[in-house]
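Some structures are shown below for you to check.
You will see two complexes here that share chain A, one where it goes with chain B and one where it goes with chain C.
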Partner chain A sequence: MGDANLSVEESNFEGKSVLVLTGDIDAKTAPVLKEALEKRIAAGQTVFILNFSGVSYISSAGIGVLNAALTLVKGKGGDIVLAGVSPVVRDTMEVMYFTKKIRLYKSVPDAAKSL
Partner chain B sequence: MIPQKETRLRVQSNLDALTPLRSTISAFIGNQLSDIEKNRVILAVDEAVSNIIIHGYKGSPEGEIELIMQETPEQFKFILCDAAEPYNPLTVPDPDLDAYHEEGRDGGLGVNIYRRILKVVYEKAEEGGNRLIMIREKGDDK
Partner chain C sequence: MSEKRIKVAITLAQDLIKIIRLLAISGKKAFTEYLYDPLYKAGWRVSNHQQNIRKLMARIEEEAKEPSYLQSIAPRCKRLIHYAMSENLSAVGDGAIFFLEKMQLHVIISTSPESLEFTNIIEEPLVEFQKIAGEKSEDVFRATVSGIDIGSLKEALTPVTLSSDAEKIRIDEEIKRLYDNILIASKYNNIPKCRKLLAYYIIRYSDGEDYSKDNVTRLITALNKREGTFEEELRDMIAIELYYRITRGILNGDIGAAIKGIRKYAYIFEGNPESKHFYDIDRLERILYGLITEKKLWDELKANR
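Entry: the complex of A and B
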């Protein structure tokens, strides 16, 4: 298990914005992800690659944030895709049927190619 | 059946308690379940505790939650005791998950998740508050 924090760092892959998430996404830390996404959406960004390779846990609070943000950006013609999701985190998303809605890729380059 | 192992953890109703709580559950289960199955159990208890903190105690850090973890040869049992207003999560109707995702909702899945992962029994505690008993049969591991 990671610690109680979630960090969100912005990087770039071939001109595409990538948010690198590190930590656990639970009821405590989900607001950190929500703020990071909402701030960028308010500034006009509608396409996101989220690098999940540093995320070891996600609860329904985190999936709720992703679900709301994904619906919002899709309404603006954008998308959110995830890269490097661990088997355990992927399973949680499957339990919540979220993998029916969001696209998961093995790596950031694969995710970038899809956009 | 008398548990072969029992661990008790008492935490304040603060979301900071979630990480140590997950670590304690993980250590209690050890390597007896696969990583995915263990994570599901941890997720279920985490969702229940989060709901107690956010909805039961309405975010007040003054409340207490006790987690009693018991193991028998057949099962793991997680008992959550709180002193919040009586609330039976088994009365909550299942959400329409397709509508949930289609409409972009951002909350309200916790009860549904833990009820699908674990067998759940609710008891209104005689001394006030709630007891949520969550059971994972070991034979259910894939």
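Entry: the complex of A and C
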């Protein structure tokens, strides 16, 4: 098992902010995602599209971070949606029951349309 | 340990209890090596006694309820372990856990010379065992998951659904009863009992529909005002308990218990790296998902969900 890395880049799709995640989300990198989300939530952002097409692995630590952020933004009337989730990441989310809580879309345009 | 300890922290006592429980399922050899022998070498033994360990524990239990007896609890627990050493390994384990539980009740007990001496003797060997068990857990986990049949794995990953209205009513009542008990303990300022009940409540119900998170948060905030370390100790207690359940599940080949523990840990600690055993659990998870992927089990697992 090598050292996991995660990068979070901000982009834009038709005026909607998209966070592009690349790498693995595990115990070591979950804090990177947590910081990226919390910083934006603190600045007032409540709607997020997370582009997951570059994420190859997620553990419960990452799901925990997403769940906490999702609860927080939903409490403020916002939402978090995921786009381009790979089958293996989706599988993990399913066994953690997370797909019952969060909406997943094939692509960023699909996700953007839902918001 | 370079600094001289002046008090046995609640989390240390809890951690040692969990390690002793793991030690117990690891067999007599390990139990002797990591608990009995260190105590024996430190002179915690008597050659002869006429005491009945169970009766002695029951007596100490009663005395611990009386504030005027609190000063004598630690010396009596020390004697209890001396007697247990000449009885059998189970008595030693029970006595050690009993003493560690009493240390969590009152500062008079946790700061006593006997408590400090006892934990100084057993901490190092137990932590060494925990390290070995942790490494062993990964191997056992890998072997267990590799050999597990698809039916068992599906069962482990299947969400618990309430089969009937009656079952839901029973769980609702249980939640209410437990929550009421927490409120009563809080009213009587019984902080250790509150912590124990809340830990149980959160572990049991935090992933359920009827979990009243706001009420629990309010209660924790209120209790934290009475005792500044309440929340931190509660979180440590929950993490220790879940890690213990996961490790025990692995060592017993109960993959379902291990996976449930991982899932509960994820939702309770929400990816907070400050949580106890955060990285240990992550390592085990990577092995599990790796093996499921390797064996191409995801589709089968989801088929019956």
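One rule holds in what follows: the second predicted complex is superposed on the first by the 112 of 115 C-alpha atoms of A that agree within 3 Å, B and C clash if a C-alpha of one lies under 4 Å from a C-alpha of the other, contacts with A are read in each partner's own complex, and residues count from 1 in each chain.
In this text, a contact is a pair of C-beta atoms (placed from the backbone, for glycine too) under 8 Å apart; a residue touches a chain by one contact, two chains touch by 3 or more.
As the structure is a prediction and not an experimental result, all values here were calculated from the model.
Novice: Aligned on chain A, chain B and chain C: do they clash or fit?
Specialist: Because the two structures are overlaid on the shared chain, the partners are seen to clash.
Novice: For A:Val88, using the defined touch cut-off, is the partner it touches chain B, chain C, both, or neither? Pick first, second, both or neither.
Specialist: In the superposition, A:Val88 contacts both chain B and chain C.
Novice: Please work out whether A:Lys101 is in contact with chain B alone, chain C alone, both, or neither, and reply first, second, both or neither.
Specialist: After superposing on A, A:Lys101 lies in contact with chain B but is clear of chain C.
Novice: Identify the partner contact of A:Ser59: answer first if only chain B is touched, second if only chain C is, both if each is, neither if none is.
Specialist: Touch partners of A:Ser59: chain B and chain C.
Novice: Could you tell me if A:Ala27 is touching chain B, chain C, both of them or neither one (first, second, both, neither)?
Specialist: both
Novice: I'd like to know which partner A:Ala68 touches here: chain B for first, chain C for second, both or neither.
Specialist: both
Novice: Taking the superposition as given, does A:Glu35 touch the first partner, chain B, the second, chain C, both, or neither?
Specialist: After superposing on A, A:Glu35 lies clear of both chain B and chain C.
Novice: After the superposition on A, what does A:Glu10 contact: first (chain B), second (chain C), both or neither?
Specialist: So A:Glu10 meets neither chain B nor chain C here.
Novice: In the overlay, one of 92-100, 146-154 or 218-226 from chain C clashes with chain B and the rest don't. Which one?
Specialist: Residues of chain C that clash with chain B lie in 146-154.
Novice: What part of chain A is shared between its chain B contacts and its chain C contacts?
Specialist: In chain A, positions 1, 26-28, 34, 57, 59-61, 63-65, 67-68, 87-88, 91-92, 95-97 sit in both the chain B and chain C interfaces.
Novice: Which of the residues in chain A come into contact with chain C in the complex?
Specialist: 1, 26-28, 30-31, 33-34, 57, 59-65, 67-68, 87-88, 91-92, 94-97
Novice: Hey, which residues of chain A end up touching chain B in the complex?
Specialist: Going through chain A, the ones touching chain B are 1-4, 24, 26-28, 34, 57, 59-61, 63-65, 67-68, 70-72, 87-88, 91-92, 95-98, 100-101.
Novice: Which part of chain C faces chain A closely enough to touch in the complex?
Specialist: Residues in contact with chain A: 157, 159, 207, 259, 262-263, 265-267, 269-273, 278-279, 281-283, 285-286, 289, 292-293, 298, 301-302, 305.
Novice: Under the touch definition given earlier, write down the residues of chain B that touch chain A in their complex.
Specialist: 15-16, 18-19, 22-23, 26, 35-36, 39-40, 42-43, 46-47, 50, 53-54, 97-98, 100-110, 113, 116-117
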